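Take this structure first; my questions come after.
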Amino acid sequence: MSSTKTPTIVHELALLDGDEYRLPTFALLDPQGMLYPGVESPLLDYDKARRIYRAMLFTRVLDERMMAAQRQGRLSFYLQCTGEEAAVIGATAALDDGDMIMAQYREQGALAYRGFSTDAFMNQLFGNDRDCDKGRQMPIHYGSAELHYMTISSPVATQIPQAAGYAYGQKLANDGHCTITFFGEGAASEGDFHAALNMATVHQVPVIFFCRNNGYAISTPAVEQYAADGVAPRAFGYKMHVIRVDGNDVLAVHEATREARRLAVEQHHPVLIEAMTYRLAAHSSSDDPSGYRSRKEEEAWREKDPIRRMKRWLIDLSWWSEDEESEWLETYRHDVLESMKRAEKRPPPPLETLITDVYDEVTPRLTEQLESLEAHIRRYPENYPRGARALGIDVPDERGEG
Amino acid sequence: MSSTKTPTIVHELALLDGDEYRLPTFALLDPQGMLYPGVESPLLDYDKARRIYRAMLFTRVLDERMMAAQRQGRLSFYLQCTGEEAAVIGATAALDDGDMIMAQYREQGALAYRGFSTDAFMNQLFGNDRDCDKGRQMPIHYGSAELHYMTISSPVATQIPQAAGYAYGQKLANDGHCTITFFGEGAASEGDFHAALNMATVHQVPVIFFCRNNGYAISTPAVEQYAADGVAPRAFGYKMHVIRVDGNDVLAVHEATREARRLAVEQHHPVLIEAMTYRLAAHSSSDDPSGYRSRKEEEAWREKDPIRRMKRWLIDLSWWSEDEESEWLETYRHDVLESMKRAEKRPPPPLETLITDVYDEVTPRLTEQLESLEAHIRRYPENYPRGARALGIDVPDERGEG
Amino acid sequence: MATMNMLQAINNALDTAMATDDRVVCFGEDVGSFGGVFRATSHLQERYGKARCFNTPLVEQGIVGFANGLAAQGAIPVAEIQFADYIFPAFDQIVSETAKFRYRSGNLFNVGGLTIRAPYGGGISGGLYHSQSPEAYFTHTPGLKVVVPRDPHQAKGLLLAAIRDANPVLFFEPKRLYRASTGEVSEADYQLPLGSADVLKTGDDITLVGWGAQMTMIEAAVEFAEEQGISCEIIDLRTLMPWDVATVVESVVKTGRLVVTHEAPLTGGFAGEIAATIQERCFLYLESPIARVTGLDTPFPLTLEKEYMPDQWKLFEAIKASIEF
Amino acid sequence: MATMNMLQAINNALDTAMATDDRVVCFGEDVGSFGGVFRATSHLQERYGKARCFNTPLVEQGIVGFANGLAAQGAIPVAEIQFADYIFPAFDQIVSETAKFRYRSGNLFNVGGLTIRAPYGGGISGGLYHSQSPEAYFTHTPGLKVVVPRDPHQAKGLLLAAIRDANPVLFFEPKRLYRASTGEVSEADYQLPLGSADVLKTGDDITLVGWGAQMTMIEAAVEFAEEQGISCEIIDLRTLMPWDVATVVESVVKTGRLVVTHEAPLTGGFAGEIAATIQERCFLYLESPIARVTGLDTPFPLTLEKEYMPDQWKLFEAIKASIEF
């Protein structure tokens, strides 16, 4: 039988379209950064609030500097979190640091919060010999086993059913942890999204599906992505717990995620969170949003900048000051620049990284392929400056390619 | 911006799980086949009511005879519509005969309603030289361009986004037609389902998504297929019109589909219909349901047999009689048996059907492959009785395989 | 030792894997209490509980996506795809994710614990969508291992090796042989090596290479050939990715002739890879062109399935043509 | 005649197709008012309206599923997959549905109107998921045509032919050349034939076969080789499925030597099919083993991309090795 519940029977024909089931948005901080009337403060303790805020600031600085570096041709590609720091970091802060994060690509703030070092960011961005990916993936595809942050994969949405599976493993291991997966409202259109939410509710796994609804998938506005009122109402189709939250309100995001984590870990109820936010920057360094949206729209959202809002709240509590802000900004800028210089200078990964990690052990055929490549590079070292360098052969400097 | 609507803001944390949005079931005929109080009769005219009922009877007879034939080893495979005739035929009858039907595989009733001949059924089932598929697909993979019934494809759910695309073409052509796609509650778990419903609402196409929720996907009960109250609530996630209907009540199904068609054709609103029904037979001739469900459960549903219910309604209207029933049953049984005998005796499709229709024209490589196959069969005709027969070579009778 | 058919051997391998490592988890459509449509997972839910053997919703991309995540977490998922023909909705999860997980993460993460089982192949009146042999779609995908057993003994030993291998493995089971192939299978816990071909029979005149159900076709063809005085060497590749080039090269250096066979269509099939590699490595030893005996370059048919199949007579003709070249 | 880069030529072909047949409909992620992330569909929405050129939600399986249905209805969909790397979620719709639609329905229905465009290939610092060349996943799939242009003139003529062909066509565009390759392109409505290779240059000593962006590598390598007095014949396959066996056979019968190149990994790549076919058909003419110059059997890397690519120097070495064999 299809359901244990017996639905009511009606004899009048009436087609519903769900419009009546409009989900409200949960918010605690108003657009100016003041608590809404009746909301009690503080909702975060001093240490955590500052840890969150500093991660937000760092992320903003990192994004600004690296986009500038990309514009200068120092970096092949970059992608900003700008505008979505509260959503990403507020959610991360509500988790245990041992919970698994399976992100899409715009969630560097989560890594910053968990303590991924500036050098670790830079080494990945420059694909050098210390890149966590060993120079195999484009910039921004970070990963850290230590920090429980799954290495980013470019195909969107693939991480969503994986998060359900990972969380099922956590449930089997009974280790008290959960998994959060971040994804965009665009990614939520993929078949993998449907698969994931359905399997998560059927198998009751401790997973949080965190949708960053930032209004765009590259140039495609959300109104061309779906016809409904956002992504949140899809939860009803799976009987999944759901909450929509103001994604630029760090307190609300934190609170919602904290409760979601409780449901996930204590009751094995998966939860969908839809954070309403806005991608203030271009999609990536390859994109120019002036082709598809107005300055006016951007300006309106800049007014709701999540960092400005949190700062106001912190300053009102006397937990932060303009002086501290300047100091930290200075420190972060300096850190990023120094670290970038170091990362740029580091050698490329060794040549053998071309064939390792395809399997746990290198196969005979791969060994042959590497040997023949090595011999070839030794014949033409000047055509393969990186390969030659990796083989310890002295060749003229590389000509700028990324 | 993600939506043109501004949702309400709330400051109290409350996670919903959609349980409050329970969809009722639309029904007109009670389980005994009497109209519910207050429902006006007749809802179908005399001719259409009889056309529907006769198609239901024919389908039942076809299924009984062919399953018996399969058990006797005359047929390699069979799959019944039994128990779901009202859902399939009631919906089909609410359409224009020129509307496209893209079915899953359990919808032979739709073909019966539209006038697919007994011989056409048999030729497909026996994969002979007159099979609509030219002997390429398993039994029950019917298709008819004339009757606007898309040839069945075994991978489930692939037809669902195709139906959205087909309907989009109808909208572009502005031909006043729509498309209906039938699928099971199991198929609705595939990623293609999500893709289809989302695209259909975004692009506003005249398509009806008709889910036959028959409680099982092979052995998997619906409670292990999804956690929600059926498939219908998923419509809310796409802002799609939806109705849940008693799938064993032919009047309700017809009425719901009629209204869905109106919305689709006149307003380009796609509609999801969930028909609650039950697969009274095994999944297919390869299946034995005693391994996963009880006789008792089956019996309870046999009480709600859609044919019995419609018959009662017809007889109450004096639009049908027991005598007529016996006559038609006799006629159908006879037709099916005679047609089966003819189909069994027909030759296999010509050898060249192995390589035609891969492309619009046969490629040189395929011609070579066929030539070498022909030469081979001429060398070993007794090992390829069908191929030899197709080449006009006299060989001993085939040994039973099928 | 017990006499088992291939399904029983597979069931026994799964049972052994679950008994010896409680991280092993089996799931897929209908694999739970029902035990799978072919009954390969019979009794596993009974023995190991619903948490370790369960039905999934009907969504292959979800099954493999879920399995990838579960493997990344450290569990050892054995996911069933009901028919190899239905593996394609999971293609992205397999090709983009499973295969590249370790490499792209610089070995920080991997899904090495994952095994995907799927029945493949024709000869069962299954038509287009219950007959395909999709191995070549995966042998072009570095990071995957692809394994195909030929009989019950091989099936058990290779499946246990696949489950315990530190890399993701696609395990294609020749469903035509599920019940047709029986033999003595040890009840002990044993493994057969991945990546290594099996020389079933040595011979001097010609080498025959195949895998899975085609081995029965090769054996029948070799019987005809040996009657005619042609000495055949038979190699079961067993693992297609990464395949055992050395064993095939060694054989062809000796025999000078090679026939490769598979059920999948000719163009782009794995026999092409073998032929391309062997003509390169054995160029000076080859006495005739390498022949491929395969399905036609068409979808899989139904009524004329027998005509379509690369059977023992087609193989025998190819052997003769090669010898007489 | 006008000077166009490859993107402009593609845009011009789409424009021509839409202008000459109002059943042509273009869609995909970001292809609407924005004109696609590479701007291949620029201005089409403006010119032909939202109904005929539009954005889709981010769901490749939906894009191709929708396109299949639309083509079955009689429209002529041209669907864009943003990167060939993202075609895999649509794999089931392409391999199970698109390819088999006509065959399985006994020609009652077909999706012959469908064209799927996707930018493919490396050399743009794209790493694993913006560099792949997935053609061999499709050349093993009877029912599909697979076409790859090498320059703007070819791109326009082949794309128009693909859109108007009565069979579904996968059209892979070498994105490395999108802006890098420019040339004279006629503004007229013209088509170049599918299924027929193009002999770019005749020569006597060795045959080089490739497609798409690899043609630039072949041309550079041939320059080196001819300097050394090696006379090369260059063939652009253009259509990989069904491919022009006769032209390649004729060439190799003359030269006795063959090098095939592609960016995709070696194992299971389409060069294997070509080598297997040619060793069979030209066995007695071959003077050295057929060489394959391809990507490594690994996912696509980033920092060491240059080292990974099958470039002109690797090709030149393969030519020399073949000549000196």
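Should a chain be cited, it is by its letter among A, B, C and D, assigned in written order, with residues numbered from 1 in that chain.
Just so it is clear, contacts are C-beta pairs under 8 Å (C-beta built on N, C-alpha and C of every residue); 3 or more make two chains touch, one makes a residue touch a chain.
The structure presented is a predicted model; accordingly, all values stated were derived computationally and were not measured.
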* Chain pair whose interface holds the most contacting C-beta pairs -> A-B
* From chain A, which chain is the farthest off, judged by mean CA positions? -> B
* CA centre of chain A versus CA centre of chain C: separation in Å? -> 39
* **chain A and chain B: spacing of chain centres that average the CA atoms, whole Å** => 43
* To do: Find the geometric centre of each of chain A and chain D from their Cα atoms only, then give the gap between the two centres in Å, rounded to an integer.
  => 34
* Residue numbers of chain C (touch at least two other chains) -> 54, 57, 59, 61-62, 85, 88-89, 92, 96, 100, 103-104, 128-129, 142-143, 242, 267, 297-299
* What parts of chain B, by residue number, touch at least two of the other chains? -> 131, 133, 136-137, 141, 153, 155, 189-192, 194-195, 198, 202, 224-226, 353, 358, 363, 365
* Where on chain A is chain C touching in the complex? -> 100, 102, 131-134, 136-137, 141, 143-145, 150-151, 153, 155, 158, 160-170, 172-173, 179, 191-192, 194-196, 198-199, 202-203, 353, 356-360, 363-365
* Interfacial residue positions of chain D with respect to chain B in the complex -> 23, 25, 51-52, 54, 56-57, 59, 61-62, 65-75, 77, 89, 92-93, 96-97, 100, 102-110, 112, 142-143, 145, 166-167, 195, 242, 245-246
* Spell out the residues on chain B that touch chain A in their complex, using ranges where they run on. => 1-5, 7-19, 21-28, 36, 38-39, 185, 189-195, 198, 201-202, 204, 213, 215, 221-231, 233-244, 246, 255-256, 259-260, 263, 271, 276, 297
* In their shared complex, at which residues does chain D touch chain A? -> 29-30, 32-34, 37, 54-55, 57-62, 85-86, 88-89, 125-130, 266-267, 296-299, 301-304, 306-308, 311, 313-314, 317
* **Contact set on chain C toward chain D in their complex** => 61, 85, 88-89, 91-92, 95-96, 99-100, 103-104, 128-129, 136-137, 139-143, 241-242, 264-265, 267-273, 275-277, 279-281, 283, 286, 288-292, 297-299, 325
